[in-house]
Amino acid sequence: MSKPIENVKLVDPVWDRMRTEARDMANEEPVLASFIFATVLNHDALPEVLSFHLARKLASAEVSAMVLREVFEDAYDADPSIIEAFRADTVAVYDRDPACDSYLQPLLFFKGFISLQAHRIAHWLWSQGRKPMAHFIQSRVSELFAVDIHPAAQFGKAIMIDHATGVVVGETAVVGDDVSMLHGVNLGGTGKEAGDRHPKVGRGVLLGADCKVLGNITIGECARVGAGSVVLAEVPANCTVAGVPAKVVGCAGCDEPSRAMNQIIEENGKNGDGI
Amino acid sequence: MSKPIENVKLVDPVWDRMRTEARDMANEEPVLASFIFATVLNHDALPEVLSFHLARKLASAEVSAMVLREVFEDAYDADPSIIEAFRADTVAVYDRDPACDSYLQPLLFFKGFISLQAHRIAHWLWSQGRKPMAHFIQSRVSELFAVDIHPAAQFGKAIMIDHATGVVVGETAVVGDDVSMLHGVNLGGTGKEAGDRHPKVGRGVLLGADCKVLGNITIGECARVGAGSVVLAEVPANCTVAGVPAKVVGCAGCDEPSRAMNQIIEENGKNGDGI
Amino acid sequence: MSKPIENVKLVDPVWDRMRTEARDMANEEPVLASFIFATVLNHDALPEVLSFHLARKLASAEVSAMVLREVFEDAYDADPSIIEAFRADTVAVYDRDPACDSYLQPLLFFKGFISLQAHRIAHWLWSQGRKPMAHFIQSRVSELFAVDIHPAAQFGKAIMIDHATGVVVGETAVVGDDVSMLHGVNLGGTGKEAGDRHPKVGRGVLLGADCKVLGNITIGECARVGAGSVVLAEVPANCTVAGVPAKVVGCAGCDEPSRAMNQIIEENGKNGDGI
Amino acid sequence: MSKPIENVKLVDPVWDRMRTEARDMANEEPVLASFIFATVLNHDALPEVLSFHLARKLASAEVSAMVLREVFEDAYDADPSIIEAFRADTVAVYDRDPACDSYLQPLLFFKGFISLQAHRIAHWLWSQGRKPMAHFIQSRVSELFAVDIHPAAQFGKAIMIDHATGVVVGETAVVGDDVSMLHGVNLGGTGKEAGDRHPKVGRGVLLGADCKVLGNITIGECARVGAGSVVLAEVPANCTVAGVPAKVVGCAGCDEPSRAMNQIIEENGKNGDGI
Amino acid sequence: MSKPIENVKLVDPVWDRMRTEARDMANEEPVLASFIFATVLNHDALPEVLSFHLARKLASAEVSAMVLREVFEDAYDADPSIIEAFRADTVAVYDRDPACDSYLQPLLFFKGFISLQAHRIAHWLWSQGRKPMAHFIQSRVSELFAVDIHPAAQFGKAIMIDHATGVVVGETAVVGDDVSMLHGVNLGGTGKEAGDRHPKVGRGVLLGADCKVLGNITIGECARVGAGSVVLAEVPANCTVAGVPAKVVGCAGCDEPSRAMNQIIEENGKNGDGI
Amino acid sequence: MSKPIENVKLVDPVWDRMRTEARDMANEEPVLASFIFATVLNHDALPEVLSFHLARKLASAEVSAMVLREVFEDAYDADPSIIEAFRADTVAVYDRDPACDSYLQPLLFFKGFISLQAHRIAHWLWSQGRKPMAHFIQSRVSELFAVDIHPAAQFGKAIMIDHATGVVVGETAVVGDDVSMLHGVNLGGTGKEAGDRHPKVGRGVLLGADCKVLGNITIGECARVGAGSVVLAEVPANCTVAGVPAKVVGCAGCDEPSRAMNQIIEENGKNGDGI
């Protein structure tokens, strides 16, 4: 006998935990209770929460929340992997960000996280050929959160965009699973030609604050790019690069720098963890 | 017999094209039709469109859209060159940005473009001695779009500010015609003294992402400043500079780097275009 | 015989001056009169003005202005040093920023200033154990002004954050009195471990645009960090550092670089003022 | 072979006509095009239109449009007769109101019509035991449209409430099919006791402006109540009553006074139509 | 030599007086200063004030204030008699309403006055064949102020609509100069036939609270209709009618009952003024 | 030893009951939880709740909620009897209205109740000589709730205004304790003369729907005025009047008709309760 459909929601541990945290937060901070009820507790499942929250964030005099929410719900219905990625991103931020101690914080308070969830919808719209609508989402996210990701850019799962202000990701960029990037990261292009012209970032990479990676180059898996670097050439897997222009300063990094989140680069390319 | 005034609007090719694009977009994407009608199709001429759109963007509980729109219309009536520059900027972005495939996109979706159009009004207000109002516009643009341009700064025509987050331009800066700049560009000053203390950027220059040009120095025509550079000294015309602090890395650039939009700088100062 | 309490407001010179400036500005620019009356002239004392203005800025569909204002007034009642710091910050910006010629401008028009005043409330909330509410304020400021300061970060008085877009300050950072920082400054951490992991910035320091200071290191009093630098090691007092990674380029700075606001760094670490 | 479900919408003549009228209106009056697209043309079926429009009308800082819309859509899913009644009401108003020349007008412009559609949702909520939510809808409608209908009151189909200001209908009132009522009509109770205490209005009745019908009395089918009357006793079918208190002034009315909409009452109970 | 055009505004005594009153009110009540500046003092002439104020009142998520204001300004430009009537209405209310002691009060605080000014625009739109836009204005006024006047209804000048809730005026109604009406007045029709079917109200008439005048009948000049009356037949000039249905109770009224504003009707049709 | 001040709130039974009801309602109807938290549960005492709720209701683009709330709190601080009357009104509505089964309903859902609470503030403002502010409140209430009460009108305690649309009360009217009135009640004046010209309504009176009482006449204690009546002469205590014009139809009424809420008037002036 198959599991009844009604139970599906009951086995969503991310959602269960968020609801518990939401109840605790509403009790702990009555000033936020109204916000938390409207955003989280008033809903039955994660997609509802996300469509509600994103729609309220992105709404304006130009396009209302109700209209946006319809679009978002269409996306979630058509491509369940968007909600899967939302779960994975949530857990990733919780794991990696020392300033994050709940599953609820990224959704409610981290604009990099919200920007990424909005991008996932813009990307779906782009894939459906709805370019103006995709550009509209991109534009609103850029205005609201100072995060400018082209709708065509491809992102894996379990991504963290920390602090986020100034992040710019171009049309043909690809970002692998488990990547972490800080504010000001730029995955930029090489001119006005169309075609494949943006970076490909491998699994587990850490992109430091304000680093610029320019052109159709590959950042190998688990590589690390130092804060403020300007990267104009391939970066081998597991290596650390830094400087303007960036040079390799070491290649014995931890398995996944995106998890360690260590931006400090010693002269020898090692960091305080003894790399 | 002179041409009747009523026909003037009929020969505005930018406006004609925008209207056609707007109709197509409204048909293609019904979700945006309401927005497009209110912003574009409901109007008779470019200045109306621009005053409406900017006023709605910059409106707040502090100063309403209606009040702002009066100010903007006064500016357009008094100085028709503002609308001329708007046309030139539109064409420039369309020409240079590979992610832009219509005249309508910059107006509707590119915050760098909108910020520049708002600055042109702030600059006019400043020229009229209305400093508080000019500061108010500057402040709203900085809050909304993360673009902070002092009202006194002088901009030519056919300018593109791409992605735009974090752009800061000081009081005595001058930016020539046909310049392109990316996000994070800073045309900064040299201390707290008043007086002429900010860069002068020549025609056709390309300012790469996050580059800082500091002090009353000249960036020669058609020069190119690498992403992330810190420029503290004059840059000769047609040359490329890069690094922290920036050094000349080549001087045989294309005629107008601002059009090629190539930020990649090879070791020898050349780029993929064969510079 | 003790001075009657009613007179206390009469001897607040910052407030007196602001009111005078506000009346002048309302007369000079009728378009702003409504905004100025609502924000300044309608109130009796500085805390009222600040709670009103911040609440209106930070309000959203999520948490209303009225609700926020109650929180802000509680903070001012509980910790009068917040308003003291507001006064000191105002005077500091007026003194140091050549683009500022009134006490009113920072409050009305400078998002770095407003962000800092909001942070002071978030910090108080954090100190009271109200972490979710503190995160909420941090989050709104990051969304609205692109300034992301962890509520636990400690700021002295007479601080200026100029232009402000992209500033990121971590949890265990400490910023001394009289510090000036420009947009894009990052006082960042060293990984995902908890504990004391962010910079300590001494009194009178000037942090140039887009500089990154990473890790639990000390920037000595009256030091100067060049624009775009990446600082990974201690900086001695009175010294200037620059570059990626930053190196000492001179150590005979002015008494308080934060006041001189000179970001230009000569090869020998001196600047145009003859340092 | 059964008709495919996708075709269901194609055979909704009310919706088809509304869309056609909406397109014509948007062409005829560009100022309203944005409103008409958002409200009508952006949707695929009547329930979507109605839930969108009602939610936008009833939204406030207290409960947002998105939240209300969910409730309304739940109602339409659970009880399709609500949409059936919406169609019948539309046709009824179009037939009876000489100032109405389209199916779209009642929805867009007639507050009596909108109030009734909101009541139908409040009534469904009441039937589900969701009394506070039902009271909330009642309360919003009373505030917005000055129409106060208790959620428990029962309304048939093809009802017209013309002009509508001041209509008050009590808890145990029943209004039959095809009834027309004007502004100020009161179907009131008889004291503070609970129980069945409000009027029962038969099919086809016309209730004139500002008439008051008080107590658990029956207004017989196709009766007519004169403007300004106070009715305290049963009214036989097909009769006309008028005065304070109301008396029968004639009993040979038209088949359905609610269709003739004639409020003029001659001394002999006849009207200008020769009744 | 002709008077320069710039002086035209200087000789508008209604506007001059309003400005003086506005300045006094802003000084007297700082809480309202912001509202008064935005609404009155920020403008140069009466049409600007009126278009601003009406647009702000009638604005909604459906049609924005900016869009409405354009329509209103078109009306004032095309038909200057609308502003003339606004002046006459202002003086009329000031003269007749004992609760009114300034020219500013009707504009700022009296919804009957505002409704009438909005109707004058709706009527102009109707005369231009813009029926949907006229219905939209009618609809907004009915929602906002509970005053429902068909756009085709004709109103003279120097009209007062006091308290105003529940006023309903039909399509072919005509209201002469100098008429006063109270809340709940209904100039209603006689059925669903099109054609001339509503009352014609002569100059100087006073229509008491909640009176209903039904059908294409004439209320003679300077007649008086008692509160709560239902009028189904012609009323001779200078006479007073009352009751349900209304009967003549006297015919020696004052010259203009609309000025005396006396609703009290003695048994003999006289009132306390000795009529 | 005196009772500590902190305990004062603990002995407010109306507030205690409201909080309990609010918690139940939030649990019962999650859709309203956010509204209920913001309006009730987020606060510590009745005056906070009332100032918050009224300010949110009366706020507009013209005067913000924050500004209004300051005014309301000043009123409550200055005159505690306003909150006392709020408690008495709450209990009165709960006792008399069969459609009301909680203390919370009047505050959240009954516009007559809210209008009265707003009037109490307008009346205080009037007593302080702040006439423009008092008129502003009156005006907002008339727009929002269709209840127009002159700020100078005097109301006792334990008043119920049921349904409320169209209520108009003049400047010199006096309404005693324990009065109930329904929608459309008019306590009107007698012309344009200033001076004492409005009704005086005694304790315990019931004013039926749409009745008009005109002139400086007295309605004796515990009298009853029939729905739709026009009263032009004194009404003795304990008597019932009805008709146009109203005549005495009986004088053996219940002790307080305002509590029985019976509008039905038999031919002999008795009602179904056997009066």
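Chains here go by letter, A, B, C, D, E and F, matching the order in which they are written, and residues are numbered from 1 within each.
In this section, a contact is a pair of C-beta atoms (placed from the backbone, for glycine too) under 8 Å apart; a residue touches a chain by one contact, two chains touch by 3 or more.
These figures come from a predicted structure and were not determined experimentally.
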Farthest chain relative to chain B (centres taken as mean CA coordinates): F
Same or different residue numbers at the chain B/chain D copy interface, by half rule: same
Comparison of B-E and A-B by number of C-beta pairs in contact, larger one: A-B
Averaged-CA centre spacing for the pair chain E and chain C, given as whole angstrom: 54
Intercentroid distance (Cα basis), chain D paired with chain A, Å: 49
Approximate Å spacing (C-alpha centroids) for the pair chain D, chain E: 29
Multi-chain contact residues (two or more partners), chain C: 31, 34-35, 38, 42, 56, 61, 64, 67, 146, 165-166, 184, 210, 228-229, 244
Chain D to chain E touching residues, read off their complex: 25, 28-29, 31-32, 34-35, 38-39, 56, 59, 95-99, 105, 108-111, 144-146, 163-166, 182-184, 209-210, 226-229, 242-244, 259-266, 271-273
Residue numbers on chain B that touch chain E, as the complex places them: 38, 42, 52, 55-56, 64-67, 69
In the complex with chain C, residue positions of chain E that touch it: 26, 30-31, 33-35, 37-38, 41-42
Residues of chain C that touch chain A when the two form their complex: 61-63, 67, 70-71, 130, 132-133, 135-136, 138-139, 142-143, 146, 148, 150, 165-166, 168, 170-171, 184, 186, 188-194, 197, 210, 212, 214-215, 228-230, 232, 244-245
